[in-house]
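In the two complexes below, chain A is the common chain; its partner is chain B in one and chain C in the other.
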Partner chain A sequence: MNSTMKKIVKSNEFFMFAIILVMFCIFGIINPAFFSVANLFDLSRSMVETGILALGVQVVMISGGIDLSFMAIAVFAMHTVSKYMGMYWNDAPFILLVLMGAVIGLVLGLFNSLFIAKFKLPPFIVTLGTTNIFKGLCLVFIGSRQINNIPASMIDFSKTNLISVQAEQGMANLHIGVLILVVLALLTSYMLNKTRLGRSIYCVGGSEASAQRVGLNTVAILAFCYAFLGAIAGMTGVMHASFQRMSNPFDMIGGELTVIAAVTIGGPRVGGGYGSTAGTMLGVLLLTMINNSLVMLKIPTFWQLAVTGMIIILGTIMQIYRYKRSLKNA
Partner chain B sequence: MKKLLAMLLALIMVLSMAACGAKAPAEEAPEADAPEAEAPVEEAVELNIVSIPKLVGVAWFDRMDVGGQEWVSANGGTFYQNGPSTADAALQLQTLQDAITEGANVIHVVPNSTETLEVAMAEARDAGIIVLSHEAPGAENVDYDVEAFENDAYGEHFMKILAEQMGEEGEYAIIVGSVQAQTHVAWADAAVAYQEANYPNMKLACDYIESGEDHDTAYNKTKEALKTYPNLKGIIGCSVIDPAGAALAVEEAGLVGEVTVIGTSVSDVVGSYLESGAVYMFSSWDTSATSYAMCEASKILAEGGEITTGTNLGAEGYESVTVDGKVIYGAAWLDFTVDNYKDDPYRTAE
Partner chain C sequence: MERIKSVLFKDKHQTRLFCAFALVLILMAILVPDKFFTVRNFQSMATQFPELGFLTIAAALVLITGGIDLSVCGTAVLSGIVAARIMDSNGSSEAGLGVVVGAVAAALLVGLCCGVLNAILVARFGIAPMLATLGTYNLYVGLGIVITEGSAISKFPETFLAIGNGKVLGIPVPALLFVLAIAILGWFLSRTKLGYKLFVFGTNSTASYYSGIHNTKVLFTTYVVGGIVCSLAGLIMFSRTNSAKADFGSSYGLQALLVALLGGVGASGGSGKASGLLLSIITLQFISSGFNLLHVSSFMKDLIWGALLVLIMVLNVVDFKKLRRKTKKAAA
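What follows is the complex of A and B.
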């Protein structure tokens, strides 16, 4: 019993949780509105997009790779689905639209896999290249204009709340997207921890050569990782347009690093083999909290970027310090 | 080799004689009838105009092409629009440098970042190119900067409308694209100054909020502001997507009717929010008129003319411009509410 407690206290997730709790209290003391139901609901809604993307990114990072193209994939899926379904089948059910986004993303993810898993090219370079390919093809063939005529079910989705309560100023809404994030997080966690495929991803991330020797099909496993992230990104794209009630092909791109930073803070090390869904979600919560509180904390705009950067670096330093110390003790 | 040299010399002689011959009538002209003499000079001015917007592919800047083409079909010359696909200062600088080497004799530019372009704009002017900017009243290395209106007047007009909707009391917030966007900050400053002078019961709630011209950011920051300042009753959004992002936050919080959102936008972006009441009104200006006026101004400068207060640049809102230093102001903003937003020149829907 005592040793389990010790293990939990020493774990990376517990440490993250403690940092978040401390920051949460500090933010709340500065502005009590931070503790309001409305703010908690808003924070959880802001976590949805980053959170879902982070689930995909962590799988790729656990496998020892990196993907920079997921935002471009998301935009490609978003704009394609918004445009054509908006034009030809405006009443399509939301679930179908999300699945279409996932399929488009899956195909683009497999395109990445082809170079990374099959031809063994460095994932950083490949996905940097495909980012531009996907972005360019989207602007040329799908269009560079903002689309307002998106399917009605997407707009309905943006208005669907799990809970809606009267707050001090207006309504406080817990968006249904939060439920989607929770379900996907549980599924991903199950996949990574309890299935043969999931454990194989950790093996490949730890040492690809050893994984191969013990008879794992590393090509198929890596291909799965990038395809998985592609599908996740495609879904998120469709959800993004729904949240914004329009599809703008210049959205999202540029936000890659926020997601990668969230995942990195949460545990998975660049280099692979480590990481847990719980840690990733805590990382996302931490970054969302920072990014979406600067107006509430009354921090002047010039300082906002600097503060975000400083907190990311501070968080990473503490993580690495703890990691090195744990190596010494072991 | 010698033969070639001789031929070259001969050619130069012939050409220089031709040049002298061509000059002769012009020299004689002043002695003759003056108006007649001006006519041939005017025909000789053939403008090759390159127009560089902040980015291409958006309706806002597509209209500049429309205005330019309109002017060209009436006056001759060429008008060619070229620019970056994202509002990126470095990419825009490349486009500007390309335009200089391609031999344009007029460059129109809407800078993403004026400072980044100053050196290249100076190079262009040294090469004898006429450089006109838009949305950059602080630009130094330009012949003129053309503005649709005086920023102070535009900012004040927003404050008048906002004050009227807020009953002249309560807190308000202002969203700008970025605090480096000179025009946005100029509007905001003028609005605040006007409020301080005329509406003592109103108060700017917080520093200008930066949206980065991103819908999601405008939305999230508005939500934060609504929670932090419960007395917030009005929002002015400066960039095109700011009123839409703010309106989405207001609508989701169920505060339509309690918080007034106004600002610069186009009907395609905020049309649905005008219908729902989340946005009260928006203003814009037709960049095709601005582009037309810029072409006309270029022509006047190319012909050695002068632009002064009262000059007519031939486009709606520019019939009698105000010149202040290097800046030419029109009076060309357009206001739209739920009643007339379908007349918006940028409208593509329905």
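What follows is the complex of A and C.
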């Protein structure tokens, strides 16, 4: 075995992939319908929202920070865009709506980074505070009622499919959102691995003091991370309303811990400076697969949360164990 | 001199908190004096805040060790549900005193076990507290859903309802329990050896290890005590509302952290006072009750809480920089 192969086999991503493959086979043996095209398409559709959010969360976690406020940002962007565009420009193109969501998210993300990057306040506390601020602003000033009159292009988006295949029962559809997720994942991966900015984020996460000594503008890099997550969250918010075909300001909030959990299983450590897009996507796949498949495995749905909790605990234990072993071998 | 300065700096947070508290009181006295300063309003406030207060105590203990406990609400819900299930299957609202005592004991035991599991993950396996408790939060609430099968359990015996709704000399029982707990916490943090060790560990765990403190033991005590305190919150919560459901108070977990941080518990560990916690929870309760009386949208509360937290943090930092400049000048 040559060294590249060894490196791949020893990597966290390979380990995750192996676990997913084994579970995949077990699920398929218990219920053959699991392998059906319809189910696989459905699974990838369920990954879209968590997956896109996870891309942003991973960047912040690699930089050594944490953000709890992204769901509040998503809801703020979702509700603002749905309400005002629905009222004043009902047939605005979808791409414009998503961009508007991204801009709103970007501004709110920059608000976070003002305190985190500039004032050097602990990110956990700042974003805990701003979660409440964004949520409050949205509910008090934008509105606390569900909006059904959303722009027409958003409803069109929810019906747009990439591929439609004739399945045993009806049609199996692969939603276009999956393509968006893949493109964004590739872009994020490119940014993290091949650009100076991306490598600087790892550097800041590894040690902020050293990053500063070698001449990196840590304030700007951290500000970028939170703004990036904000923009991603804003976009996801608009997509969420499209999928639901309405905008409910009480949606999404509370789900932030699930996304953070998915990212964590995929590799980034809380200390920062570590993690990869492939790992994050595998983490999202693992959690989505388990949550989606309990019904197919004839396990009552009320077990869902308990199983998620156990997966997070076992996943982190396994990672710590592998990390300690790698330290011993080194 | 340095010492006096650091004490002053720490106390400034309390001073600011007290100013906020006084400001809220004055505002209420001007805006709604006839409705706010009534026995009934104070009684209803005193029944509302203790459940969040107990969770805050648990969250604060873990924050002092330099960790973050996201599972407080999960522990409260799970232990409350276990108690509810025991009473439900032993006569529901006709259950005798023995059953109630057994159910309460079982709830406390569950709280203890939840604390032990958290401690094992953090102290033995060395998982970052935030991740460990993120996992256990999902697990505990998930088990709560499994036990209740997703629905609510209601109709508890009178003796159990007295925990959340009873009054002694006009003062609600939860408030009495909470004041007692805060007093014990204050004594524990400032007067006992273990409390001192907690601060040393939170400031620098390596230093505490080399000075002969049993780090694992300190962590275990913290999480176990936290778990038991959480189960008290769960009991009060379900007794007050006369029903038990797994998604009850799911926002309490992050709120408890917010209250603790507002109360002056440092995020990086090693600092915090019981009096700060009391002041912070009462101020926030005044604000939310006041908004109710003023008929302001209840969501305004979120906005104010969040803004207060960020504002106080920023003030602390700005102050810190000024302090450093002064010391530099003195040195020159």
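Everything that follows uses one rule, which is that the second predicted complex is superposed on the first by the 327 of 330 C-alpha atoms of A that agree within 3 Å, B and C clash if a C-alpha of one lies under 4 Å from a C-alpha of the other, contacts with A are read in each partner's own complex, and residues count from 1 in each chain.
In the analysis below, contacts are C-beta pairs under 8 Å (C-beta built on N, C-alpha and C of every residue); 3 or more make two chains touch, one makes a residue touch a chain.
Because the structure is predicted, anything quoted here is derived from the model rather than measured.
Under the clash rule set out above, the superposition-derived model of chain A with chain B and chain C contains a clash between the two partners.
Judged by the touch definition given at the top, the superposed model places A:292 against chain B, while chain C stays out of reach. Of the two partner chains placed by superposition, A:35 touches none, neither chain B nor chain C. In the superposed model, A:149 makes contact with chain B only, not with chain C.
Of the two partner chains, chain B is the only one that A:244 touches; chain C does not reach it.
By the document's definition of touching, neither partner reaches A:190: not chain B, not chain C.
Look at A:89: by the touch rule set out above, it reaches neither chain B nor chain C. With both structures placed on the common chain, the touch criterion links A:128 to chain C but leaves chain B unconnected. Once chain A of one complex is fitted onto chain A of the other, the partner contacts of A:139 extend to both chain B and chain C. Clashing C-alpha atoms between chain B and chain C appear in just one of the listed stretches 110-118, 146-154, 272-280 or 290-298, and that stretch is 110-118. On chain A, the surface patch touched by chain B in one complex and by chain C in the other comprises residues 139, 144, 300-302, 304. Listing the residues of chain A that touch chain C in their complex gives 66, 68, 115, 119-122, 124-126, 128-137, 139-140, 144, 254, 257, 260-261, 264, 269-271, 300-310, 312-313, 316-317, 320. Interface residues of chain A, counted against chain B in their complex, comprise 31, 33, 36, 38-39, 42, 46, 139, 144-146, 148-149, 159, 167-171, 173, 240, 243-246, 248, 250-251, 292-296, 298, 300-302, 304. By the touch rule above, chain B contacts chain A in their complex via residues 56-59, 85-86, 179, 206-210, 214-216, 219-221, 223-228, 230, 232, 244, 248, 250, 252-255, 258, 268-269, 271-272, 348-349. If you check the complex, the residues on chain C that touch chain A are 68, 70, 121, 125-128, 130-132, 134-143, 145-146, 149-150, 250-251, 254, 257-258, 261, 267-268, 297, 299-310, 313-314, 317.
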